[in-house]
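Heads up, the next two complexes both have subunit A, just with different partners, subunit B and then subunit C.
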Partner chain A sequence: MAQATTEKAAPQRVKRGDPGPMLRLVATRLAGAAVSLIAVMLTAFFLFRVLPGDPVRAMTQGRPVSVEQLAELRRQYGLDKPLHQQFLDYCAGLARFDLGTSYQYRLPVTELIADRLWPTLLLVGTGTLLAAALGLWLGTRAAWRRGRVTDQVTTGIALTLWSVPTFWLGLVLIVVFAGGAGGVLPQLFPTGGMSTPGVTGTAAILDTAHHLVLPVTTMVAVLYAQYLMVMRSSLLDEMGSDYLMTARAKGLRDALVLRRHAVPNALLPTVTLIFLNLGQVVAGAILVEAVFSWPGLGQLFYQGLRLPDLPLVQGMFIFFSASVILMNLLADLVYPLLDPRVRP
Partner chain B sequence: MSATTPADSPRALAWRRRRQALVDVWRAYRTTPAGLVGLAGLVLFVLVALTSPLLVTADDLSVIRAPYEPYQPPAAAYPLGTDNFGRSLLDLVIWGSRISLTVGFLATLVSVALGSLVGIVAGHFRGWAGVVLMRVTDWFLVLPTLVLAVALAAVLDRSTFTIVLAIGVTAWPTTARLVRAQTLAVEARPYIERARALGGGHVHVMVRHVLPNVMPLVLAQTTLLVASAIIAESTLAFLGLGDPTTVSWGAILQDARRAGAVSSGVWWYLLPPGLAIALVAMAFTLCGRALEVVLNPRLRERR
Partner chain C sequence: MAVPQSPARRWFPYRTAALSAALVLTAPALAPAASAQDAPDAPEGQTLTIAVSQPVDTFNPFQAQLASSTNVLRLIYPMLTVPSAEDNTPGGELAESWQTSDDGLTWTFRIRDGLTWSDGEPLDATDAAWTLTTMMEDEGAATANGSFVANFESATAPDPGSLVIELSEPQATMLALDVPILPEHLWSDVDDYVGFPNDDYPVVGSGPFILTDYAAGESITLDANPDFWRGPPGFDRLVLRYYTDQDAMVEALRRGEVSVVHNLTPAQADALESTDGITVNAADGKRFTAFTVNPGARTSGGDPIGDGHPALGDRAVRQAIMLGIDKDVLVDRVYGGYATAAGGYIPARYPDYHWEPAGDERLGFDTGRAREVLDDAGYEEGDDGVRVSPDGDRLSFRMAVHNDRPDYVQIGQFMEEWLADIGIEVQGQYIDSGQIGDRLNDGEYDLIFTGWTVNPDPDYVLGLHTCDALPDRPGTMRSDSYFCNEDYDRLYSRQLAEYEPGARADIVHDMQRVLHDEAVVNVLVYADMLEAYRSDQIASIQPQPDPGGNLWGQDGYWSWWSAQPAASDTDPGPSPFLIGGIVLAVVVVGGAVVLLVLRRRGASADDRE
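Let's look at the complex of A and B:
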């Protein structure tokens, strides 16, 4: 992904003159991301091999396991070797995109992640789109009528929803809309999962959409507040500017001043934030997926934690962190394309 | 404290100035209604947590000798209903406030201390040391916080201390960035140059001149952090990573989910702990935002 952006970014700058600064920016960012990735790999090794003392004992805690079984597990995961040898094996594995084998599923971690990727992308994609749309729209309204009732109500609601723990909101939504609030309401939505077994064809798409409603609502409720607040404050920053006064002096109506002049400029910081958040949101889906039994990455992580299945948790830690770093890199590289002011 | 030193000594003067600044802040704070509401809520929750040993006895929390029938909707004896063992939910929520608030405060303390230290040092030493420190901070800022906290809590022993550590270690980078920016602004002022010219060393400048000027903003940031630390505690407890023997708001919610309160529609098992978390988080957020407006002149003008 990063490669594509690099190629796109460079030619545009060539047209405008010296390509040097832009190339240098891209190179710095790429190098920074590479260093971050290496640091993530080192942290993962330290976190899951060194910190627990004995990973095998941590994985089998609370279950009767014989000494022979422990030794066998240790041999299987290469934990009987000296630490530096383990580290070399670990690096060699990562270089081949091998994140190890899950203790619980007896399958390669990469395979498990690939299987669960699509549901998470569906959930996170829908949630982010809706949250961004809602946040931008409400944020614009709040800033334009700042200090009035509209502003106070929208920011108040957003802050309230932001203070609520994600998982609790999900549980309450299940009780009210899926459990029928103790028989008061009809059962409007399914309690969890992604599809009803046996449904095929077009009905299956509708069925998935039906299952998607409550998890997406939970995600949007938690996410949109941040977008709203950033949009509001960046629009407030723009509203003091002289060019808006000029636009008004030219006789433009207020609605046009807002739509054509203020909002496009105020959009930039918010769009960056949305990009920067993409990676974090994938990781944040853990709670929503755990509550709604959504068969995605988050639920896989949750199931890995319960055992704890350390190879799986370690692999997912690397995967989540790497996706955040790549998203940030993308945001860094796209931002100069959107906003001429930050071009070097 | 200053009363013991002579009134004309520089130290007494400094303290008097600080007291005066505090009074000024309180005067400005008093005019923000949202801040007062938040402060009132905060005081209420802290009082409840402090007096909880008087309100709740060990028998009220006992699973084996639970005082009431299980799964009772709210009634006079148990205003918030009972759980799957027959314990009053009001008692559980009151008792849970102890762990939730303690973890919230301690985790914030850890992260603010760490963040301030890194921020001031990175702002003061602007050479390679500062650059490296800020790279590390940015790296931590980029990592998915929840995943890192969860991973830490998963590999260490299940205890309240682990939770404090997991939240504290993951929440400091924002404070560090904020403190560094403020440090840079403070160090650009002439009186720092004067202190240096008079022979003030690095430690003297950082501790005596930069730290007092950074503290107000850190205080506002702290209040905001407590809110997210309390939510993070409940999240980790809900994921089953907390100490299984203690009662906290997140742990109550996890118990509720395990006992099937969600599918059987036992709403009174779910509502009180969640509302308590939301109310405390909101009280801290309101206080933090009000403090920010009072202490940060830029925000005060723009409001």
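Let's look at the complex of A and C:
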């Protein structure tokens, strides 16, 4: 019996399981990603050197420095060398996975990024996850009840929040839920930061969760609309399909038709959106991080731009771009697994 | 046909996401309750929390440039002298007393007896001699404070009680050496003074506080030093918390999360003024707001730089510009009254060095006189109302203004209007501060905004306008004016060699007279430093100077060392009622989500059967 099945399936497997096209697809995508990454590395160097401003001057602003001190700083930063030499040093550094040393913090850029990565992953990761979950759920409901009050209300609220400036919404939440709206309400949450100084042990984990509530709420409120809209429209597309008619004809209940048949297909476009957004997770949400004084990568990048702290901003630029490229690559590779129609 | 074959598995991300949501939402509910249970983890004693907004660059005193870092370093390392809390005059710190040789080239400092570092090692003159000598010998150690020792021949400690400094030239700033003294027994082992992060907490020092912890982008924690020679500070712990948003920072003060905020806007100060338990402190400014006029930018070798308007080489035009500006209106309208209309170059905060022009020399707001000056100098009004120079150039000036400073932008707009009244066209260019720096370096401006923080000793800001500060080649300038005047330079050298404070102040006044009269460096206002603190948490605190001084950014440690906790001070953490509120709110939301997930799961189970 088992033998027979194997033999029967054999010709099909040769055809479907032929690794050739799939390998070619993977190779093409990998090569594409590598080319993009190299292009990013080369442009990063020149991109930030176009910025106006002199890091040495900005760093010593208001300080009693002599011309000798300025020259010494230029030497320490490597800015006294000709541009082509700086570029060669930069390339040599990249080859050793060395993104250079930050002008202002005097620490390796990789170390600075590693320090700030976790807070950003925590904030933006949680926010993206919740926004996607909420958006998908509400989007499904809105599409299923298209044109009815539920649809109009959920879509209306989502679009309103989507168009609200992040900065403003964050401040309103701070004033109402952290400041207590001038004594009217209890002061429920901290105004900013990731932790209360001096709190250690298990309390620190819960303390961080406490600090996380307002920034995550702000992110979710502003972001979930895009998932909602994509889910809603792609589900509406599916709802006209013949196979749903068939499913209904088989006698399946409406809820089951939705969940087992329509939603899984409608989810496909959303997968792309989620992967694209995941790539940007590390870039942080500069605005949210700024309002809530969150010690993440967005904050670090903003501080780097003010000088400009060239090694820091170009290193972070490469890091952000690399994560977007990586996530796009993953989306490209995962998509054929989810959707047989796009398999090579 | 693309019918999914195992829909249940496809649902996996959706359900996981919903469950995670429930978890994340409920977690905070436990937080305050758990913090209360884990009370032993929380630090004991009275904590003073200060909001700060600038990041810290490094705690290595040889490298630290940003004010947030140097302000912390003042609390943990000693200096030879410290400006007094009352009036900023130099007083003893590590040095108890000092004397100078007749030629003014040898300074002998008597070092206080019986001092120790926080690790118990003795602190004496050898540490000071080592720190200063290292800065003289190692370029990396001179990065931040090298200018203070540039004129030193040697710094030695013939015995632990005395420090002898030999100078090349007399230097009146010897009692204002803003140089932290470091423990030789630890620092002499450091190989690279540039890269050393000095982050081995607790950092060994001997100031009123000891640096015990630092979380980048979050907070800096300092513990009181019980052995500080003036006596221990009033609070047991000082925490500097980092806020990137000004309005959130003010809310943090209202909430009691922090006890002190600084760098407020006039609107914020007004709003806090009426709040119970909060005191607003409008301190006399250290900083002046000014603009400089391009007098014909050039290198020290005399090569012209850039394309400044030729008419600005004429002092009459520069003076007319100043006569056209109403500083009192700027104080009221731009700063809401929280500023002082400027007289001379040195702010009124330093009464000894401050100078006010009087009588005819004063270039106060006088449109009639401004027009007269321009008429007399031959600048006739053209058909379009803009004057034309005798050489045929229209008086149309580019004015570079920092677009990230609302006060500068408003001043710029006022100036455009006012100068139009006297026949001068001003084109405001409201640009990024990086671009401002480039314009200055390239000499491509006519008027440009600037501002400096003036230290208790005015030597450095005075030195900015000597001919010596002109760049050797474009792009290497440390100044902001391209000013060069022989009288001024002569006075500058004299004040630096004058050890008698009264006589030196007189010379400094004369220098400001030259600056005022030449009208290249034009000071507009001294803006107040706006701060606020919780007077229900802080019973008393020492400003510098007293009265009228500031708390944050003092030249010294007076405020944080002197601050005494208020008797009624309670833990500003959330009360049980609030905790209950949080728990309730979050449990309701979390519960709803969980319920929903369960309901769905139940429903699909039914469907399957």
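To be clear about the criterion, the second predicted complex is superposed on the first by the 303 of 344 C-alpha atoms of A that agree within 3 Å, B and C clash if a C-alpha of one lies under 4 Å from a C-alpha of the other, contacts with A are read in each partner's own complex, and residues count from 1 in each chain.
Definition applied: a residue touches a chain if its C-beta (ideal position, glycine included) is under 8 Å from a C-beta of that chain, and two chains touch if they have at least 3 such contacts.
Keep in mind that this is a model prediction, so the values were computed, not measured.
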Aligned on subunit A, subunit B and subunit C: do they clash or fit? clash
Could you look at A:Q76 and tell me whether it touches subunit B, subunit C, both or neither (first, second, both, neither)? second
A:I174 in the overlay: touching subunit B, subunit C, both, or neither? Say first, second, both or neither. both
Of the two partner chains, subunit B (first) and subunit C (second), which one does A:A31 touch, if any: first, second, both, or neither? neither
Taking the superposition as given, does A:R106 touch the first partner, subunit B, the second, subunit C, both, or neither? second
So, A:V153: does it touch subunit B (first), subunit C (second), both, or neither? neither
With both complexes superposed on chain A, which partner does A:G279 reach: first (subunit B), second (subunit C), both or neither? first
Under the stated touch criterion, which partner chain does A:L236 make contact with: subunit B (first), subunit C (second), both, or neither? first
Can A:L134 be said to touch subunit B (first), subunit C (second), both, or neither? second
Chosen between subunit B and subunit C, the partner touching more subunit A residues is C
A:P165 contacts which: subunit B (first), subunit C (second), both, neither? first
Between subunit B and subunit C, which residues of subunit A are contacted by each of them? 51-52, 58, 171, 174-175, 179-180, 182, 191, 290, 302, 308
Taking the touch rule as given, give the residues of subunit A at its contact with subunit C in the complex, in rising order. 51-54, 57-60, 62-73, 76, 101, 104-107, 112, 115-116, 119, 126, 129-130, 132-134, 136-137, 171, 174-175, 178-180, 182, 186-204, 206-207, 209-210, 212-213, 216, 243, 253, 255-256, 259-261, 263-265, 267, 289-293, 295-296, 299-300, 302-303, 308, 339-341
Which residues of subunit A touch subunit B once you look at their complex with the stated criterion? 35-36, 39-40, 47-48, 51-52, 55, 58, 159-160, 162-169, 171-172, 174-175, 179-183, 191, 236, 279-280, 282-284, 286-287, 290, 301-302, 305-306, 308, 310, 313-314, 316-317, 320-321, 324-325, 328
Touching residues on subunit C, where the partner in the complex is subunit A: 1-4, 7, 10-11, 14, 17-18, 20-21, 24, 27-28, 30-32, 34-35, 37-38, 41-43, 47, 49, 55, 57-58, 60, 63, 65-67, 139-140, 142-144, 146-148, 150, 178, 194-195, 197, 213, 215-219, 221, 237, 239, 241-245, 247-249, 251-252, 254-255, 257, 432-435, 437-438, 441, 452-453, 455, 460, 472, 475-476, 478, 574, 577-578, 581-582, 585-586, 603-604, 607
Spell out the part of subunit B that touches subunit A in their complex, as residue ranges. 135, 139, 142-148, 150-152, 154-156, 227, 231, 234-235, 238-241, 250, 253, 256-257, 262-267, 270-271, 273-274, 277-279, 281-282, 285, 302
